[in-house]
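Heads up, there are several structures right after this.
First chain A sits with chain B, and in the next complex the same chain sits with chain C.
Then we have the complex of A and B:
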């Protein structure tokens, strides 16, 4: 393939992946999925009933992998019947979103009902208002991942079948979403009442913020906040993963010989080394800017 | 009738390679700094997700790059290196963006609670751990450990895939790729789950005392993957 065509396709894949990452994270914020949901689940038990959608169908990677595999399978079956790729991918994503919506509702009802003894109500208006938003985000995520997988199969001639690629990227987007954007939701948004600039003190567990900018806080308020930082950076992370892992072989094309293949490996290693140095740089800068949380005991004794 | 003994004897090298790949995956998971649910609340050092999830995310990204490489080269070393690079990139990107969120979104510096000084940078750690937490973020040692874990996981996953693809069989290429990649994903998950019993939710990397427990998981993976390898090789070789 022409290197320029390869780069163009890769750029398109990177853009689709960025949108997929952002919508995946926001979907998990509206519905409260993954690790920060442990606090939403704990809150009623600590006598803090709330109005936050509580779903956690499963860990984010398996739930996204399920969505994407369903979408990929539906799309691939439709394409064998002669449907156009755009239609097949859209219908696949709609089916996936509908199934995800079903899981979300049963999960919310089940989880909230099991907390009846802690006086946690089931809000029907929350189901009505949040479920379409969750399904909307999951449609965007699935559709974008299907676009990435389809481009890999159809244009880049990747040997894996479409549903399997969609499954793998679903696992990856879930892993990235729960590792990056969710921290913004779990460590910051849920505990905005405590002073900024520290991790959650174990003593505050379950004491999540339940009042919103106006009225009582719900999942949509959370996604509004996380859309300012957590969501976009998750998108960047997934976009970077898809783009960089393909970029090294698009620029140094291994089909021109094994030697160039090794150059592509070297390029990947150099990218990773740059990221290690960047992390170190941020670590030093953050420590200098924020300072320590406690005094060094040995130094304090000398000063006294 | 399938000649079971014959297929196994013919492909004994691939059974060994698959088992080796599984063991590498199991070992790699111990390197990956995961803080589980507490890390999502900046309550523990590491990435805020589960062991299996992150290791699988990285390893499977490696499998995608290894699969693409295997289409265009016959060099086993290059396929395995491509797998390692794909997994390393996924892991490094996830960790760097995780650091963005910890530093700029939550406002806490990376700090480890398991060691007083970072073994790589020699920086003091305990002073930067906020009250009531077990550390937060990704100090340099955890980041480097995560990259090593990603590389080993990618090597293991692509080794399994390469071995399965090399088993002699009568399948058309597209079907072989499908069945080999599904087996590779399955074997990856088996070996990502086994070490999580060792890790018990959180591990900071190779400097964490829990890391020393890896021989038990590696032995368990050796046995489990050996059986997976037998079934995988028989299934593909018998078709």
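Then we have the complex of A and C:
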């Protein structure tokens, strides 16, 4: 393949991955999946019933792997019957989004019903308003992951079949969404009432913000907040992962000889080193700018 | 008291009945589909998926029992572990066993599960009393799920066919994750102190029906299996199971309201 074509395909994959990462994080935020979920689950127990969607589909990596594997399977079946790739990928993503919808609804109903003794009601309007949003985001995520996987199979001639690649990318996007974007919701949005950077005091456990700028807060309010920073930053992280991991072999193509293959390995190591140094500098700069957490006077008195 | 606590889960249906349901239902489904596809026609392949559903419900019940000992975030891991052990046992059993393949796979799975259970309790000192039994159950249930869904996709458990139609094509990925989530999701979705067994297992049937529909989609590419019938029965089963789950949710929940404010302070006390 022409190196220029390879770079073009890689750019397209990076763009699709960026969208997939952003929509994956927002999808999990609408339903309070993974990291923020523990506090949403704990809140009724601490006498804080809420109107927030409690969607625990086993953490983001498996649930995204499920969506993407179902989408990839359906698309691959349709393509063997001769359907065009664009149509097959879109239908695959629709099937995946519908199935993800059933998983979301069963977890909201199931978890809320299992909190009977804490008097957590089930609000049907939450299901009606949030589930379509969750399915919409999961359609975008699945479609973009399928685009990435299809380009790898069809253009870059990857040896793995489409469903397997979609499954692996699904786990990856879920893992990156879970580690990058969720902090923005779990550590900040849920605890906006406490001082920024103060950490989670045990006394505040379960005391999540339940009232919104107007009315009672729900999952869509949370995705609005996360769309400002958490979602895009997850998209950037996943897009960079896809782009940089493909870039080293697109530029230094190992099929042109062993020496070039080793150069690609070296280039990968250099990229990792640069990222480590960059992260370290950011952490040091942040600590220098904001300093350590200062106890407020009331807490200091209690300690004394 | 079950989820989040540390004690045995309350059971309306005894676990031994569920084990019998899983093993017998699973094997009848697997062998029924295998022989009936040969004798009656390819549209009997859906029976394999019904056998797989027996396995998934059993797996969900076993996860519920072991996870009630305060496993918490370990619930998803245990479901993935089930299918991980299942894949090894299923491929080994089908590769060496011929017609006895599924039985050999089940025995292999039971041995692997027991070993992992002993390791978890003796080496990792997890100290969960039913760990060995539950791991054996979960591994076997995962194996039934994999073989059942593979038959629903291909109409046979002959290893060369399974290898070329399920494993090389990558559809094993969807069996792995759809089967795994059908085993782990029911308890994970109903986690909480007021969880009930029948409601949890109904989610298991519902998620099993979804795995059946997906295997039906794959079966449309295969001349020895019937996709349309598998998908139709899967959708019907899904509808029945989801309605059953929703009825039990209304029975168990504190309140099901169309819309409304939070419970008042007086109500909470």
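By our rule, the second predicted complex is superposed on the first by the 293 of 304 C-alpha atoms of A that agree within 3 Å, B and C clash if a C-alpha of one lies under 4 Å from a C-alpha of the other, contacts with A are read in each partner's own complex, and residues count from 1 in each chain.
Keep this in mind: a residue touches a chain if its C-beta (ideal position, glycine included) is under 8 Å from a C-beta of that chain, and two chains touch if they have at least 3 such contacts.
Note that the structure is predicted; figures quoted are calculated from it, not measured.
Enquirer: With both complexes superposed on chain A, which partner does A:23 reach: first (chain B), second (chain C), both or neither?
Expert: neither
Enquirer: Just to be sure I read the superposition right, which of the two partners does A:223 touch: chain B = first, chain C = second, or both, or neither?
Expert: neither
Enquirer: Give one of first, second, both or neither to describe whether A:174 is in contact with chain B, with chain C, with both, or with none.
Expert: first
Enquirer: Pick one for A:59: touches chain B only (first), chain C only (second), both, or neither.
Expert: both
Enquirer: For the overlaid complexes, name the partner, chain B or chain C, with more touching residues on chain A.
Expert: The larger set of chain A residues in touch belongs to B.
Enquirer: According to the stated criteria, A:207 is in contact with first (chain B), second (chain C), both, or neither; which is it?
Expert: In the superposed model, A:207 contacts neither chain B nor chain C.
Enquirer: Determine, under the contact definition given at the top, whether A:164 touches first (chain B), second (chain C), both, or neither.
Expert: Touch partners of A:164: chain B and chain C.
Enquirer: Under the stated touch criterion, which partner chain does A:33 make contact with: chain B (first), chain C (second), both, or neither?
Expert: neither
Enquirer: Scan A:245 for contacts with chain B and chain C and give back first, second, both or neither.
Expert: The first partner, chain B, only.
Enquirer: Return first, second, both or neither, reflecting whether A:51 touches chain B, chain C, both chains, or no partner chain.
Expert: The answer is second: A:51 touches chain C but not chain B.
Enquirer: List the residues of chain A that touch chain B in one complex and chain C in the other.
Expert: In the superposed arrangement, which is not itself an observed complex, chain A uses residues 59, 62, 160-161, 164-165, 167 for both chain B and chain C.
Enquirer: Contact residues on chain A for chain B in the complex?
Expert: 34-36, 38-39, 59-62, 152, 156-161, 164-165, 167-169, 171-172, 174-176, 178-188, 190-191, 196-204, 229-230, 233-234, 236-237, 240-241, 244-246, 248-249, 254-255, 258, 261-262, 264-265, 268-269, 271-272, 275-276, 278-280, 282-283, 285-287, 290, 292-296
Enquirer: Chain A touches which residues of chain C in the complex?
Expert: Contact set of chain C toward chain A: 3, 73, 75-76, 79-80, 168-174, 176-178, 180-181, 184-186, 188-195, 199-200, 203, 206-207, 210, 214, 217-218, 220-221, 238, 242, 245-246, 248-249, 252-263, 267-268.
Enquirer: Enumerate the contact residues on chain B facing chain A in the complex.
Expert: Residues 36-37, 39-43, 47-50, 53-54, 56-58, 60-61, 63-65, 67-73, 75, 78, 81-82, 84-86, 88-90, 92-110, 121, 123-124, 127-133, 135-140, 143-144, 147, 173-174, 177-178, 181-182, 185 of chain B touch chain A in their complex.
Enquirer: Touching chain C in the complex: which residues of chain A?
Expert: Listed in rising order, the residues are 41, 47, 49-51, 56-59, 62-63, 65-66, 69-70, 72-74, 76-77, 80-81, 95, 99, 102-103, 106-107, 109-125, 160-167, 210, 216.
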